[in-house]
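Both complexes shown next keep chain A, but they swap its partner, so chain B is in the first and chain C is in the second.
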Partner chain A sequence: MSDVSPLLQSAYWIVLAPVIAASAIILSYLLGIKINRTVAMGLSVGAVAYGFIHSILIFLVLRDNATPYVTNIDWFVVSNFKLAVGLLVDNLAAVMLIVVTTVSLLVQIYTHGYMREDPGYSRFYAYLSLFTASMLGLVVSTNLFQMYIFWELVGVCSYFLIGFWWYKPSAAYACLKAFVVNRVGDFGFLVGILFLLLATFGFWQAHNDQGILMFMDPSGHGVDLSGAIQWGMQHGTLTTTFLGIGALTLISILIFMGPMAKSAQVPLHVWLPDAMEGPTPISALIHAATMVAAGVYMVARAYPIWLNWTDPLHPTVVGAEGLTVVAWIGGITAFIAATIALTQFDIKRTLAWSTVSQLGYMFVGLGVGAFTGGIFHLFNHAFFKAMLFLCSGVVIHGLHGEQDMRNMGGLRKPMFWTSLCFLIGTLSISGFPGLSGFFSKDEIIVGAWDFKGYGHEILGWLMIFTAGLTAFYMFRMYLMTFCGEYRGQAHPHKDSAWSPLTTPLLVLAVPSILSGYLGCNLDVLKSFSLNPNAFSQFIHFGQHAHVEEPNHMVMLISIAVSLSGMVLAFLVYMTKALPINTWLTNAAICKPFYNLFYNKWCFDYIYEDIFLKKILLPVYTGIWNLIDMLIIDNIVNLNRTLALVAAEVLKHTENGRGQYYAMVIFACVAGITLYVWLYVR
Partner chain B sequence: MSDNNFILSAVQHLWPEIYIVIAILFASLWNLFCPSHKELTPRVCLVALIAAFIHLWQQFGGQPQLLFGGLFTLDNLTVCFGLIACLVGIIVILMSIGFESKFRSNRGEYYTVLMAAILSVLFLGGTTDLVMLFVSLETLTICCVMLSGFMKQDPKSNEASLKYLLSTAATTATFLYGLSFFYGLTGQTNYMFIHQRFIELGLTPAPSFVLVFAIVLVLSAIGFKLSMVPFHMWTPDVYEGAPTPVTAFLSVGAKLGGFAIAVRLLWFLFADMAFEWTNIIGVLAILSMIIGNIVALSQNSLKRMLAYSSIAHVGYILIGITAFNQFNPQGLAAVIFYLIIYSFMNLGAFTGAILIGNELGTDNINDLSGLIRKRPWLTLGLTVCLLNLAGLPIPPAGFFAKLFVFWAGMSMHSTLGNFLVGTALLTSVPAVYYYSRVAIKMIVREPSYVVNNLPNKRIRQTDPQNNPIWALTISIIGLIIGSIAVNQLMAFSNSSVPYSLAQPITGSLNRPIN
Partner chain C sequence: MGTSDILTSLLLIPFIGSIIIGLLPNKAARPLALIASGMLIVVSAYLWSNFSLDVHGMQFVQKINWINYPIPISYHVGIDGMSLCLVALTAFVTLMAVLASEKVGENRSKFYYSLVLLLTTSILGVFVSLDLVQFFVLYELELVPMYFLIAIWGGPRRDYAAMKFLLYTFLGGIFMLAGILYLYFQLNAAGVLPATFDMVELAKQAPNLTPAVQALACLGFMLAFIIKLPSFPFHTWLPDAHVEAPTPISMILAALLLKMGSYGLVRICMGFFPDVIVTYGAWIIALGCFNIVWAAIACLVQTDMKRIIAFSSVSHMGFILVGIGSLSALALNGAVFQMISHGIISAALFFLVGTVYDRVHTRNLVEIGGGLAKQMPYIFYFWMLAALANLGLPALSGFVAEALVFYGAFTSPMASVLQHPMFVRGCLAFAALGVILTAGYMLWLLKRLFYGPEQAKWAGHLTDMTLNEKVIASALSVLIIFLGIYPLWLSKKYTSLTDNMCQNIVSKNKIGMR
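Right after this comes the complex of A and B.
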C-alpha cells in the first residue's frame, strides 16, 4: 500500500475539522467566554472550506485511477466479535464528499447573511459544523454499523436544527414528529442489520482480521458485504423463508426502512414537510441536499443486499425483490409528492414536497438498476435543490417572514438575481434539455422504461407523467412568486449580487447548469453506441461502468411532457388563459382529487387522528394502567407493608433502628455461614 | 541498611499520596488563617488531585513493587484504582463548589475530610497486609461518617451520620473478628504469607468451618461498603440524608474502596477456594440487582432513585467479580472498565441532581417536567448520564460496560454465570424504564410549575452553578471518550489485572525489626 496517496490517507481530517470547530464553539460557550460572532463563523466556514478543498483534491487523485483507500481500527472487541471504525475513500464516497462540502460551505456563507440578527448565531454555526462532520463521517464509513452510528448522529443534529426555534410550538412539534418517524425507520434499519449479521456471522468470524459488515475489503479477498451474502446463500442461512419471503428479501426491506424514514419515502415521509419549520439554511443543507440523500447513499453503498443472488457468483438486478420494492416505493413517492406539491401555497413546503418527489426518483434509479443514474440525480439535485431553497430563503427574508405564495408575485424586479437563479433551478428540475436535471432524470426514466421487475409496464409511464407534474408545479411556483403583480403588504427588500445571501446562489447556479455534462456523452446521443460517460466511468457498481442505452423515443416523450407541463403552468398562472385551477377546485369530478392532494393524501390524518389517537394511545394507556395496577402499586404496597412490619417489630422490641441494622448484619453473617457450610461446600 | 533508608526508598513511590496529604494539611489550616479567601481551598485540592493523577499516570505500567516490607503493593491495579479515585475526587470537588455554602463555617474541613477519604481509597487499592487494610478501611469509613453529617442544621443529615456510624460499628466488629481469625490461623498479617500458610495447613482449597466463617465475616464488611443486599439497609437513609455531593462520593468513591479490598483479598487469599465465595457473591449479586432495581422503580425522588439504582449497579459489577479467576482474568478487566464508566455516569447523574436541587429546591421527578425549555445543557447532560446508566447506547459507553460484564459472566460457562446474566438482563428492563422516565419527563412533557418559575437564563458571573456544570461536562466528555476509545480503555483495564501471583515483584517482604 505504499503508493496510496497521502491525500487519501489524511481524509479523516475532513471529518475532524468541523468537529474541532464545533467543539471550540461549544466549549467557549460553556466556559462563558463570549467569542466574537465572526470567530465562530470563521472557525466553522474555515473547517468546511478546508474539507471542500481536500475533497476536490481527493476527487482529482481518484480520477487518475488511484486505488480506493480503506483503513480500519478496532473499536470494540470481545473475543471473536470485532467492530471496527475506519475510513473508506472510494469514488462513490468522493462524489458525496464533494456534494456535502460544497453545499455545506455555501450554506454556511449564506447563513451569515440569513441568521445575522438571530441571538443563536454562534450556536447555529456549532450545530451546522456538527451536522457537517456527522454527514461526512457517514460518507466515509467502512461498515454498516459505523454508518448506523453516524446515521443516528446526523439525525440528532437534524432534530436540534429543526427545533432551533424551539419556542415556536410548531417547530417543537415538527422536531418531535421527525424524531418519532425516524425512530420507526431506524428501528427497522437496526433490526435488519442485526438479522444480516446473524445470518452471516459465521462468515465474519472466519475472516476476523478486519471487522464485521464491511463495505469493501482492501486486501481484495472479498471480505465484504457481497462476499458475506454469497457465503450466506451458499450455506443456506440467507435462503430460508419466512411466510414465503426470502430471508435476504426480508432483511433488505427491513434495512430499507431506514432510508424510507431518512429520505422521506412513503409511508414514512410525513416528517419532511413539517421539518421546514427550521431555519431556511437548514432546509437547504439537511432537508434537501445532504441528509435526506443519505438514504440513497446508503442503498448505493450496501447495494449487494438488494441484488438478486439466485446465482451467488453473478448477482443480477433482474427479478430482485428487494430492488423492486425500492423502485416501487420510490415511484409511488415521486408521484404522490408531486401531486401534493401541485396544491400547496407555502413556498418552502412546496419545495419540500418537490424534494420528496425527487428523492423518489433517485430510489427508482437505484431500484431499476440504473445505479449511475440514481447517484447522478443525487449529485445534480443536491446543487439545484439547495439553490432553490436558498432562493426561497432570500424571498422569505426579503418579505419579512412571509411564506405564502398567494401573498407574493412580481418579485422579479426587486429580486432580480434570486429570480434568475430560481428560474435556472426550475428549468433544471423540470428536465429542460441542456440543464443538469435533464440528464440524470432522463437516465432514470430510461432505466425505469427498461425495468424488468414487477409492474414494469407502469413504472416508466408513471415516471414520465411525474416529470410533467414536476414541470407544472415548479413553474407554478416560479410564476406565482416572481411574475405578475405583487399581492403582499410588506415592502420587499432588494437583493444585490454581492451579498452573502445572493452570492452562494450564483455560485450554485453554475453546477446547476453544468454538472449534467459530466454524465453526458455526446457520442451516445448521436449513435447507439454504449460508450460510458465520464460520470458513469467514475461511479460504477461492479466491474464495468454501467450506462443506460439511450432511448430517443423516451427522451422525446419526456421532453414533450415536461415542456407541456411548463406551457400549461404558463397558461394557467401567467396569462390566466386557462382557468383550470378554478375549474379543478370547483368541478364535481375533480374536487375530491383536489382535496385529496391538498390534504396530502391524508397521511397525517391517518397517522395522528386514527392510528395515534384512536389505536395507539388507548392501547398504550391501557397496558400502562395494567402494569401500574399489577406491578408498581404492588411494589409500593409491599414497601409500605415491609415498613409497617418493621415498625411493628421495632415497636415491640423497643430498639432504635441502628441496633436493628446491626442485628440484621449479624444475622445475615450467621445465616450465610450456615448456608455455605451446609449446602454449598 | 538503616530504617530511614528503607522508609525513604518506599516514600519515593508515594508522591501521589503525598500531594494529597499536602492538600489535606492546606485545607485544614487555610480557612483558619485566611477565612477571607475560602475559595482557594477547593482549587488547591483540585491541583493536588490533578498532580496525583498525572504522577499515577506515569507510574502505570511500571515494575510491580512491594513497599514498606509488603504493607503496600505498587502494581498496575493499585495505580488503576488510584487513577479512578483521583478522577472521582476531581469531579466530586467540582460539584461541591457552590454546594458547600450550606456547610456554613465548616467549608474547609469538608475538603479536608473528603481528601482524606480519597487518600484512603488510594491506600486501599494497594493494601496487601491486614493491618494496613484495617487502618485504611477505617479511615475511609470514619471520613464517610463525618461527611454524611456535614449539614449540621439538617436533622436528616445528622440522622444519616448516626445511622451510618452505628451500622458501620457493627461491620467493623465483624470485619475485625474475621481478620483476627486469619491472624490466629496463620500467625501472619501479609496476604502472601497468609496464603502460604493456608497451603501448608491444608486449608485451601478445602477450608475448615472456622475459615468459612472468617470469609463470611470479611465479606459482610465488603458487602456493607458496597451496599450489597442484605447489607444495604443503611444505604437509602444515608444517601438521602447526606449532602448530595457526599452521596455522590459514597456511591462511587467509597465503593471503589470496597471493590479494591474485594479484588485484593479474593485474588490473593481465596483464589484457590473460588467455589466458596463465588457462590456467596453470586447470590448476593442477584439479590442486589433484583431489589435495587425494583425499589428504584417506585421512587419519586431523583436522589433516592439514584441511591437504590446504585445498589443494582453493584450487582452488575459483582458479576465480573464472580467471573474472575485465574482462567478468566477478563472478569476483572470488565469490572475495572465498568468502574471507570460508572464513575463518570453516576457522578454525572448526581451532579445533575445537585444542579437541579440548587436551582429548583426539589428533586422530585415530577417537578422536572419540561426542564429542557429552561436548562437545555443540564437536561441533555443529565439525560446522557441516565441513559448510559440504563445501558442504552447513547453514547455507547454504558452499554459496552454492561456488555463486557455480561460477557464475562457468560464465559464462566456455569449455571451460576448464566443465571447471573439472565437476572441482569431481566432486571435491566425496569432500569431502562425508571431512568428513561426521568429523561422523557424532562424533554417531552410540558414544564411543571417549578420549572416555569425558573429564570430564563442564569447569571453567569455570580452563579454558584458554574463549577458543578463543569463536573457534568467532564462526566459527559469522559463518557464520550469512553465510547470512542473502548478498545484502548479495555486494553488499559486488561493491563491492570495482576495476571499471576508469581509475577516478579521487587522489594522485600520482611520488615526490619528494631
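Right after this comes the complex of A and C.
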C-alpha cells in the first residue's frame, strides 16, 4: 500500500474543492457579505479546473498500470453493523472524473456568458458547484450505500437548477416532477439494495471490518459485490424464487429502477424533457455529464448484480435475465425517444429526446454485454451532447429566448461557429463514419447483433433502425435551424469565435471529432502508429480486456441506414422534394402514428391526467375522508356521547352537600387502605 | 454542589424561573426566560461534556426517599445516553422557542413565559426521572401548561383543540396509571422481591413476570405512549393542536412533547417488557409502516400548511415504532436518532410556518397561491433546507435516521424468527413508498408557497426575515446539516445503550439469523 501514488490518495479533494467553493458563496450570501460576481465565478471555475487537472493526472497514473486505490472511513457504526463512506479510484472512475470535470469546466465558463445579466448569477454558480461535487462524489463511491447518498444529492441539485427560474410556473412544475419521478426510481433502488443486503448479510457480517455492499476490496480478498453474490448463490439465499423469478433477477430489476429514473429510461423518462425549463447550461450539464450519466455509471459499477450466476464461480453475461431486462428497456427507450424526437419543434426538447434515445443505446451496450461499448458511448456522447446543448443555448440566446425551430432557419450566416459545431455534433451523433459517435455506436450495434438473450433476433435490427431515425431527426434539426431562410421575427445576434459562449463549443468540438479513435477497433490505426482498442484495454469488465471484433457487415448496414436517414432529411427539409408534412396530415395511415409520436406516446397524459388526477388523488381523498373523519372522529364523538350520558347519571350524585362528599372520600380511602392491608403487605 | 445535584438543578432552573417570572412585572418576563433557557443550555453542555462513555447504566444519579409505606416512592433522577440527548434537545429547543416567542409573548407576558418554563420543567423531568410515580406525575404535569398555552394564545378554534388535546392525553395518562398500578401489584403478588417503583430495578424485575401479565401491563403503557407519539388511530388530536397552537408552542409540541411518547416506548415498553416486543414486534413494525404511509397520504390532501407539517410528524414517528419493533441494534439506534433529528427538523419547520403565517396571515395554500420567493428569499432558502431535511435528503439529519431504520429493520434478527418474516419485509418495502410520498408532499408544499409568478396582492408589503428569525433558523439549520454529515457525534453517546438493549433481548430469546 505504501507505493500508492499520493495523487490517488488525495483524490477526495476533487470532490471537496467544489463543495468549498459552493459553501463560500452560500455563506457569504447568508452573512450578507456582498461578494463580487467575478469572485463567485472564480471560486467555482477554479475549483472545477483544479478537479480537471487532478483527474488528468490520475488518469496518467492509472494508465501506467497503477493499482486502483480504495479507502474507507466509518460513517456510522453499531455493534454488528458498519456503514462506511470512502474513496475509490480505478480506471472506470478515472474516465468518469475526466468526463465530469471537463464538461463541467466548459459549461461553467459558458455560464459566464449565458447568465451574465441574471440576478441569480452567483447563486447559479453555487448550485453548479454543488451539482458537480455530488456527481464527482457518486463517481468515487466505494459502496452502494454511499452511492445512494450522492445519487440523491445529484437529484436534489437538479431540482434546484431546473427550478432556478422559480417564477416560471412551467419551471416550478418541472423541478417538482423531476424530483418526484426520480424518487420513484429511488424507491426501487432502496428496496433493491435492502433485499440484496438481506440476502448477503451473512457474508458482510463475516467481514465486518470493511463495511457493507462494497464495490471493490482493496486487500484482494474478494470482499466485494461479486464475492457477496457468490456467497449468496452458494448458501442458497439468492437462489430462491419468487413468482418464478430468481431472487437475484428480482433484486437487479428493483435496483435498475434507480437508473431508469436517473438516466430517463421508459417508463420513468418523463421528467427529462420537462427539465429543459432550466437555464441551458444546466441542460448541457444534466444531459452530458452529471445527472443522466449517473444511472449508466451505476449499472457499470455494480455490474455483477446483473450477471448470470448459475455457476457461482464463473458468472457470465450469457443468459443473464437482469441484463436482458436492461438491454430491452434500453432498446425500447432508444426507439420510442427517437420517434418522439422526429416530431418535436422545440430545439432543446428535441435534443432532450435525443439524449433519452442515446442513453437507451448505452443501456443496450451494457445489457448485451458490450460493457466497454456502453461506457465508451457515454464518454463520447458527453462531449458532443454537451456541445450540441451549448450550441442550442447560443441560438436561443442570440434569438432572445426563441426556442421554436419553426421560427428559425438560415442561422448559418450570423452564427457561423455555432452552426459549424452543431454540424460536427450532428454528424457525430448520427454515426457518420470517422467521427466519435460512429465508433461507440458501432460497438453497441455489433454487441446487440451478437446478443444471445431474449428477443435477440430483433434487438440488433431495432438498434440499426433507430440509428437511421437518429440521423434523420438530427439533420432535421440542423436544417431547420441553420439552413434555408430565416423565418423568425427577432433580429439574430452574431456570434464570434472568442467569447465565453462560443469558445467552449470549439473546445468541445475537438473531442467530438477525435475521442472515438481511442476506442477504434480497426487495425487501420496501426498504420498511423496509434494504438487501436486503447479504450477497451483501459476499461473492461473482468480480468481481461474483451475486444469486440469489428463486424464489417453490420458496420456497413448501419452506415447505410444512417446515411439514408441523412439523405431523407435533406430531401424533406432542404430541397423540399418530399412533401412529408402533407402526407402526415392527410394520409390516414400516417396520422395516428404522427399524433402518437407528437404526443410523446401519451406517457404524460396517462401518468398525470389519468393516474394522478383521476385515480390516485381522488382515491386518497376518498379513503382519507372516510376513515379519518367518519370512523375515527365518530368513535371519539361516541365517547363524548357516552360521557354526556354518564354525566347525566352522575350529576345526581354531585348534589353539593359537603357531608356526602366527605363520606364518599372517606369510603374510598378506607377501601384502598383495606385493599392494601389485605393484599399488598 | 456536587455532580449528583446537577440534574436537580437542571429541573430547578426552569421551575424557579417560572415562579420568579410570575412574581415580577411583565417587562422582566422575556429576559428572565432567556436567562433561564440559557442556563439550561449551559447545564446540558456540562452534562454533555462530563458524560462518561465507559459507564454502563445511569449517571449523575440522585435518589432521595420520599415515602416508604405503604408504597415506596422516591425522588430519583439520573441519565443515560438516550436521556442525555433528549435533555440537550430540550434545552436547545426551549431556547429556540423562547427566542421565537417575541410576538406571542407580548400578550400576558409573565403568564406566558412562566407556563413555557413550567412546561420545560415537566418535559425535562420526564427525561431524567428514574422513579415510575415521579415519571407519571411529571408526564401528566405537562398537560396543565400545554392546555393553557393552546387555550389562551391559540388560534380561532383553540378551545376545541385544547380540549381535544387534554382529553386524548389524559386518556393516555389513565392507561398508564392503570399499567403502573397493575405492574406494581403483580410484582407484589409474585413476591420475588419487595416491590418498587425504581425504574432501574423494574427493568430487571418486570421480565420475570408471566408473559400474560407482562403483555397486559405493557398494553397500558403502550396505549399511553402511542397516543402521545401519536400513532394511528390516536393521531387526530395532533393536527388540531398544532394548527391552533402559537408557533413557539408548536415547536415545543412537535420537538419535545412527542418525544416523551417515544422515550417512554423505549425506556418502559422495551426496557421493562422485552418479551412483549419479541412477541408483538412484527405488529409494531406493521403499525409503524402503516403510519409512515398513511400520514404521508394525509399530507397530500391537506391545504393547510401547518396541518401538512403536523401529519408529516405522525409519518416520521412511524420510523420510531419500526425501530423499536425490529429489535435490531441499528434500527433502534436510528429510532433514537430520529427522536433528536425530528425534534430539530420539526422545530425548524413549525418555526418557518410561523414566519410565513406572520406575514401573509393565512395558512391556506390555495389562498397564498405561491410566488412568495420574490419577497422573502431568506425564508425560501431556509424552508427549502428544512423541507429537504424532512424528506430525508442525504447529508441532512433526517436521512440518517431513515436509512438506519430501513437498513436495520430489514436485516433485523427479529424478522427471521417470526412465522412470517416476509410479512415484516413486505411492510418495510411498503413503508419505503413513503420515500416517494414524502418528496411529493414536501416539494408540492414548497411549490405552492414559493414557486410561481409573484402575486399582485403581496407586492410591496411582505418583509423578509428579521435578525432574530435568522438567528433561530440558522441555529436549527446548522444542527441539521452537522448531524447529517457527522452522525457519530450524537450516536456515540447512546450507541452502547441501544446495542446492549438489543443484544440482551436477542441473546436471551436466542434469536439468530437463519
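Heads up, the rule we're going with is that the second predicted complex is superposed on the first by the 617 of 681 C-alpha atoms of A that agree within 3 Å, B and C clash if a C-alpha of one lies under 4 Å from a C-alpha of the other, contacts with A are read in each partner's own complex, and residues count from 1 in each chain.
Criterion: a contact is a pair of C-beta atoms (placed from the backbone, for glycine too) under 8 Å apart; a residue touches a chain by one contact, two chains touch by 3 or more.
Owing to the predicted nature of the structure, the values given are computational and were not obtained by experimental measurement.
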- Message: I'd like to know which partner A:198 touches here: chain B for first, chain C for second, both or neither.
- Response: second
- Quick one: name whichever of chain B and chain C touches more residues of chain A. C
- Would you check which partner chain A:659 touches, where first means chain B only, second means chain C only, and both and neither mean what they say? first
- Task: Could you look at A:166 and tell me whether it touches chain B, chain C, both or neither (first, second, both, neither)?
- Result: both
- Query: So, does A:75 touch the first partner chain B, the second partner chain C, both, or neither?
  - Reply: both
- Classify the contacts of A:668 with the two partner chains as first (chain B alone), second (chain C alone), both, or neither. first
- Message: So in the superposed three-chain picture, is A:190 touching just chain B, just chain C, both, or none of them (first/second/both/neither)?
- Response: second
- Task: Determine where on chain A the residues touched by chain B overlap those touched by chain C, and list them.
- Result: 30, 74-79, 166-167, 176, 632, 635-636, 676, 680-681
- Message: Could you list, by residue number, the parts of chain A that touch chain C in their complex?
- Response: 30, 74-81, 83, 145, 148-150, 152-153, 156, 159, 163, 166-169, 171-173, 175-176, 179-180, 183-184, 186-187, 190-191, 194-195, 197-198, 201-202, 205, 617, 620-621, 623-624, 628, 632-633, 635-636, 676, 679-681
- In the complex, the residues of chain B that touch chain A are 162-163, 165-167, 169-171, 174, 209, 212-213, 216-217, 219-220, 224, 230-231, 233-234, 275-276, 279-280, 294-295, 297-298, 373, 377, 400, 403-404, 407, 411, 444, 460-461, 466, 469-470, 473, 484, 486-487, 490
- Residue numbers on chain A that touch chain B, as the complex places them: 30, 32, 73-79, 166-167, 176, 632, 635-636, 639, 656-659, 661-662, 664-666, 668-669, 672-673, 676-677, 680-681
- Over in the complex, which chain C residues touch chain A? Could you list them? 70, 164, 185, 188-189, 233, 236, 297-298, 300-301, 329-330, 333, 370-371, 373-374, 378, 388, 393-395, 399-400, 403-404, 406-408, 410-411, 425, 428-429, 432-433, 435-436, 439-440, 443-444, 447, 450-454, 474, 487-488, 491, 495, 498-499, 503, 513
